[in-house]
Amino acid sequence: MRPSGRKLDQMREVSVEVGFTKHAEGSALIKMGDTHVLCTASIEPRVPPFIKGSGLGWVTAEYGMLPRATNTRMRREATSGKQGGRTVEIQRLIGRSLRAGVDRVALGERQITIDCDVLQADGGTRCASITGGWIALRLAVNKLMKAGDVISDPMLDPVAAISCGIYAGQPLLDLDYPEDSEAGVDGNFIMTESGKMIETQMSAEGSTYSRAQMNELLDLAEKGIAELTAIQRAACA
Amino acid sequence: MRPSGRKLDQMREVSVEVGFTKHAEGSALIKMGDTHVLCTASIEPRVPPFIKGSGLGWVTAEYGMLPRATNTRMRREATSGKQGGRTVEIQRLIGRSLRAGVDRVALGERQITIDCDVLQADGGTRCASITGGWIALRLAVNKLMKAGDVISDPMLDPVAAISCGIYAGQPLLDLDYPEDSEAGVDGNFIMTESGKMIETQMSAEGSTYSRAQMNELLDLAEKGIAELTAIQRAACA
Amino acid sequence: MRPSGRKLDQMREVSVEVGFTKHAEGSALIKMGDTHVLCTASIEPRVPPFIKGSGLGWVTAEYGMLPRATNTRMRREATSGKQGGRTVEIQRLIGRSLRAGVDRVALGERQITIDCDVLQADGGTRCASITGGWIALRLAVNKLMKAGDVISDPMLDPVAAISCGIYAGQPLLDLDYPEDSEAGVDGNFIMTESGKMIETQMSAEGSTYSRAQMNELLDLAEKGIAELTAIQRAACA
Amino acid sequence: MRPSGRKLDQMREVSVEVGFTKHAEGSALIKMGDTHVLCTASIEPRVPPFIKGSGLGWVTAEYGMLPRATNTRMRREATSGKQGGRTVEIQRLIGRSLRAGVDRVALGERQITIDCDVLQADGGTRCASITGGWIALRLAVNKLMKAGDVISDPMLDPVAAISCGIYAGQPLLDLDYPEDSEAGVDGNFIMTESGKMIETQMSAEGSTYSRAQMNELLDLAEKGIAELTAIQRAACA
Amino acid sequence: MRPSGRKLDQMREVSVEVGFTKHAEGSALIKMGDTHVLCTASIEPRVPPFIKGSGLGWVTAEYGMLPRATNTRMRREATSGKQGGRTVEIQRLIGRSLRAGVDRVALGERQITIDCDVLQADGGTRCASITGGWIALRLAVNKLMKAGDVISDPMLDPVAAISCGIYAGQPLLDLDYPEDSEAGVDGNFIMTESGKMIETQMSAEGSTYSRAQMNELLDLAEKGIAELTAIQRAACA
Amino acid sequence: MRPSGRKLDQMREVSVEVGFTKHAEGSALIKMGDTHVLCTASIEPRVPPFIKGSGLGWVTAEYGMLPRATNTRMRREATSGKQGGRTVEIQRLIGRSLRAGVDRVALGERQITIDCDVLQADGGTRCASITGGWIALRLAVNKLMKAGDVISDPMLDPVAAISCGIYAGQPLLDLDYPEDSEAGVDGNFIMTESGKMIETQMSAEGSTYSRAQMNELLDLAEKGIAELTAIQRAACA
């Protein structure tokens, strides 16, 4: 039995509130159980130097966590003077994952920055950020298309992410914090609606895993991604 | 006429949602019109070195703004490697103001950190932070008292804050962003429910003001503080 | 009785030595009792990006304190890698106050930076910085006018600053360090020679104040500003 | 055909020079083709705060690249004032991977830091760092055992890492830089000698991959890991 | 002929004002022509970790320059977030030089920090800092001896410093800024009153020098040091 | 007798491996006994702002030490967020010394950066960096000349550096780490093949030295420089 009481292949309840803030070109508050992430998309005309003049667009992401999003207060990264290693790693992953779902030629030479700020954390914040970030991105691109700034839709298949892990020898879908901190193996799976894979990360801490176990987690992930992409479509409809 | 269409002495609509996040000992999402600030209170056993062993408590504050809380995206302070001057100034003001409403002997040797994170900004974020921060603080202290960790209530009169300004020669209560950016003089007034003053800040940018005008703004502020402290009491009831 | 032995409304002795350093376009060593601040004005052709091309000038300030300006040695800000919160707050106040006394159109598109470096501290360093900074600014502008680079005098009324506080229930003018560290309420008042107000800051630490008390301090401040602006005029004559 | 002229499943030539530097408790210069990484292991009695007093050991890693290890000179991280996101991500991966091959109870409460410094880069530096880092770690642990400081061997199965990727539709083993920069999908596979998996990272940039392709890369990786762990054993014999 | 009109072996006029600031245990404003440096000595009970418990004392130095000490305003090091390379190099030299003149056993386990802050610069600031720093140090040690905290005088021979250089083929004593910026070779010579050498630094920029020229500069330096140590003795009498 | 067993005027064995890394325009691994420094030269078209458009070239240097180049592991400068004072001082010395051996007109408006990274340290790393850095520079300039980018050879006399010191009252050539840490006086002498002097640095720590002793060290240094420049010529032949 899972600490959460959920079935092995049962996701937490997911809700999405689009337009949570008014200034951003796209915004969504995504809740996966007690993990709440505010995702905003900001369109800027400038692109990074390495693609200037190429005609290609860029999607990048930044990730943050409010100091008391967690059980004990963490030091604010702005006061410690830098982003921690975990933060940097997560925001690089979010950016990479969302770019995989975008036709950068169709987007045109502009940058969209996805800010994912965790208001409350209970495990799986990077996955919620990717899933919610895609919604914010989709909404911002809708605005560009409505304004005629972008003609052909640059958004490919919806992109979502889900964590799976091995807990007490059992494969679990969508780990919450208590499950995650006890799991010997956990993985993040980023896929498109049609099941194409974008990124796979599976780590063992103080443990190892077999290819058979890896395949079990991949099966679970495919199930979760299907549910999440349906929710994404519904939220943006 | 004000850009907002409000009467000269009319505040924006205020709403408070307590318990917005679950981990913090006290939390509140305060909305003053389109300015939305998430305030959390975190209790920690350690106090700053300069009062260690004194038996006195401490209340401090940190302030942040999400990158897209504003009309154009601002650089995340964690990536620029430091808190800007405005941020530092505001969080010092919040801490100072809230400490004035606390009996530090009754609080006992512990620290409460108030985090004020602006999710959406439309002027008056520092005042909303103080007003909402007091609510988070009150809720956290309630928990300490319920647990028997604090016996005598350390919370004095409610503390609230409101901005006033001179716009087109007229004194206005509770400036929103468009009003604030046009006002030649603006002030922040931090007072207790019973009208005692804790902090007064009045600045002219490219302008000056007379003592008579200062008194007009003080009158307006007293009216606003009375309304805000009633809302604080209702939210914590 | 005050710790300093001064009368309630008596300022410390003030002296000004203009031209204390030779490179700056304007310089003055101002002494308010044992508080000694070296103020220099540096003229630069470039202005901040947000007013580039506007034809308007800019006045800004930086504030520093030598490590042993105080009773115990403080860490040098250059070695700690950043300016502290108090430093940032003070230099923003100095800049804002001096700008209020300048016609930025008449100044023309150039920047004058006022550096205020405290050689010895005994309370009231921010006020001495503003009062002495105005002198350095006046001298630098004189040079611009003499050279024909500025035609119409951009300097409006002299701007000065004075602290007042409530000590043992009594309103005091111009707090020195021992008085300041005991005062429950203290304020900084920045005004022009003709009594127009530019900035008012009044804070209570572990205390509150009434509007009546605020008015008493304002009366004292007006007396002090009159004395200081007379000294400024004499120094620049 | 691969740009390198190698067969699809052919690794670059690998050589290891143990004892390359004299001060470290373990050191090895590993060359995978033109990628040269100096790995050193430093034993320290202190452990991180979160395991102090637990009796458990810790293995951590730091990664660096000399400014001219690459085709064009990169800015030295010490002068830019911080480690870049890529550096932080890589060194976290190295530490995590090597810890998975260590019995932390048997190691005892001490820390071993693996420094991986890239002298020359041609793709696959993180994999070479893990493979070479394991050798340095093994040598340092040998010293502890010889000195009787550690009784039971804490080193589990050898840990090695190899990259694979999809290039022009073909699965390739051990990408060099020209191959890596053209590959639409690349992955890093960290496994033990006996084929247990520790970490899997597979990313698509501007592309996606199927589960079938993932399995092809896993097959290649298993082949590479077998060759690398044989080299590790030989180097430490 | 020198740009300054001085004779080849003629120092600038030197004046010393001891007790320039009141808080420091020792302080002196030294003027070597237009180079003005405020030197303060601060006694602290703590010593650096590497000599804790050794019974030995420590003397260290920090160096700073006010932003407008120079002809054009320099960026304040506290705002740029770090001390520049030149600053670090100079303060290490000052500390090393002054330590050479102190019996660290007699000083006892305490630290004296010499702060050298350049109020106005016209060449030779590091030499003026050492010469003035010694005076501040001597005065602080006098206080320790008077209080009975130090019994045997730890101050050995006075330590002073002077620059010499080769300008238009001629050896010059005590270069001012215009001379220094034109000299192909310049050196700093730190010696004791009795002519013992502590530190020699001679550099050519875009040029070289012979041993014969080096000896000429050493002769000049000995003359200058004799004059400076006489001034030091007089100032501390 | 020296701890190393060498004769007073005997250098450590020196070896040079040119072309140690493939990307740099010039590279050499220099070993002076157990001190091993990897020197690379990188040619860049841009020059520092202060010589832009002058037609003059620039040579600069950066210095680093791998964390475990020394007997106990040092903190990596990239993680501590800045280069230490010793690092900055050494790299300024290397740059200054190498520039003295270059005709900057003949070099033309380009910058060559010499990176000196200490792989293993046993005293004298700055001298090995200068001597090895000159070789890397010579090789890079050879490439420029071969390509016809530079016509007239900008390399003047070879530049080398050697340390000398006074140990147990005896003058020693080329101190290794155990000798250096016991020497009361040590110096670094940078000269050209023909005996012209570029930089002299002689320091006493807790000691002093006479002019006679300085001359003895200069004699030793001249002998060492002659041997080193012969090795440089041979390595580049």
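Think of it as A, B, C, D, E and F in the order they're written, each chain with its own count starting at 1.
One rule holds for everything that comes next: a contact is a pair of C-beta atoms (placed from the backbone, for glycine too) under 8 Å apart; a residue touches a chain by one contact, two chains touch by 3 or more.
Just so it is clear, the structure is predicted and the values come from calculations on it, not from any experiment.
Visitor: Using the contact definition given at the top, which chains are in touch with both chain B and chain D?
Guide: Correct list: A.
Visitor: Treat touching chains as neighbours: how many steps, at the fewest, connect chain D to chain F?
Guide: The least step count works out to 1.
Visitor: Give the label of the chain whose average Cα location is farthest from that of chain A.
Guide: Chain centre farthest from chain A's centre: E.
Visitor: In terms of CA centroid distance, which chain is the most far removed from chain B?
Guide: Farthest chain from chain B, going by C-alpha centroids: F.
Visitor: Starting from the mean Cα coordinates of chain A and chain E, work out the distance between those two points in Å.
Guide: 59
Visitor: Which integer distance in Å separates the CA centroid of chain A from that of chain C?
Guide: Here the centre of chain C sits 51 Å away from the centre of chain A.
Visitor: Would you kindly tell me how far, in whole Å, the mean C-alpha position of chain D lies from that of chain A?
Guide: Centre separation, chain A to chain D: 28 Å.
Visitor: With centres defined as the mean C-alpha position, give me the chain A-chain B separation in Å.
Guide: So the centre of chain A lies 33 Å away from the centre of chain B.
Visitor: Among the residues of chain B, which ones contact at least 2 other chains?
Guide: If we look for residues of chain B contacting two or more partner chains, we find 81-82.
Visitor: Starting at chain D, then chain F, how do the chains run round the ring?
Guide: Counting round from chain D, the next being chain F, yields D, F, E, C, B, A.
Visitor: Give every residue of chain A touching chain D within the complex, in rising order.
Guide: Its residues touching chain D are 82, 85-86, 88-89, 91-92, 96, 99-100, 104, 187, 192, 196-211, 214, 218.
Visitor: Once bound in the complex, which stretches of chain F touch chain D?
Guide: For this pair, the touching residues of chain F are 20-24, 27, 34, 36, 38, 40, 42, 44, 62, 64, 66-73, 76-79, 81-83, 87, 113, 115, 117, 119-121.
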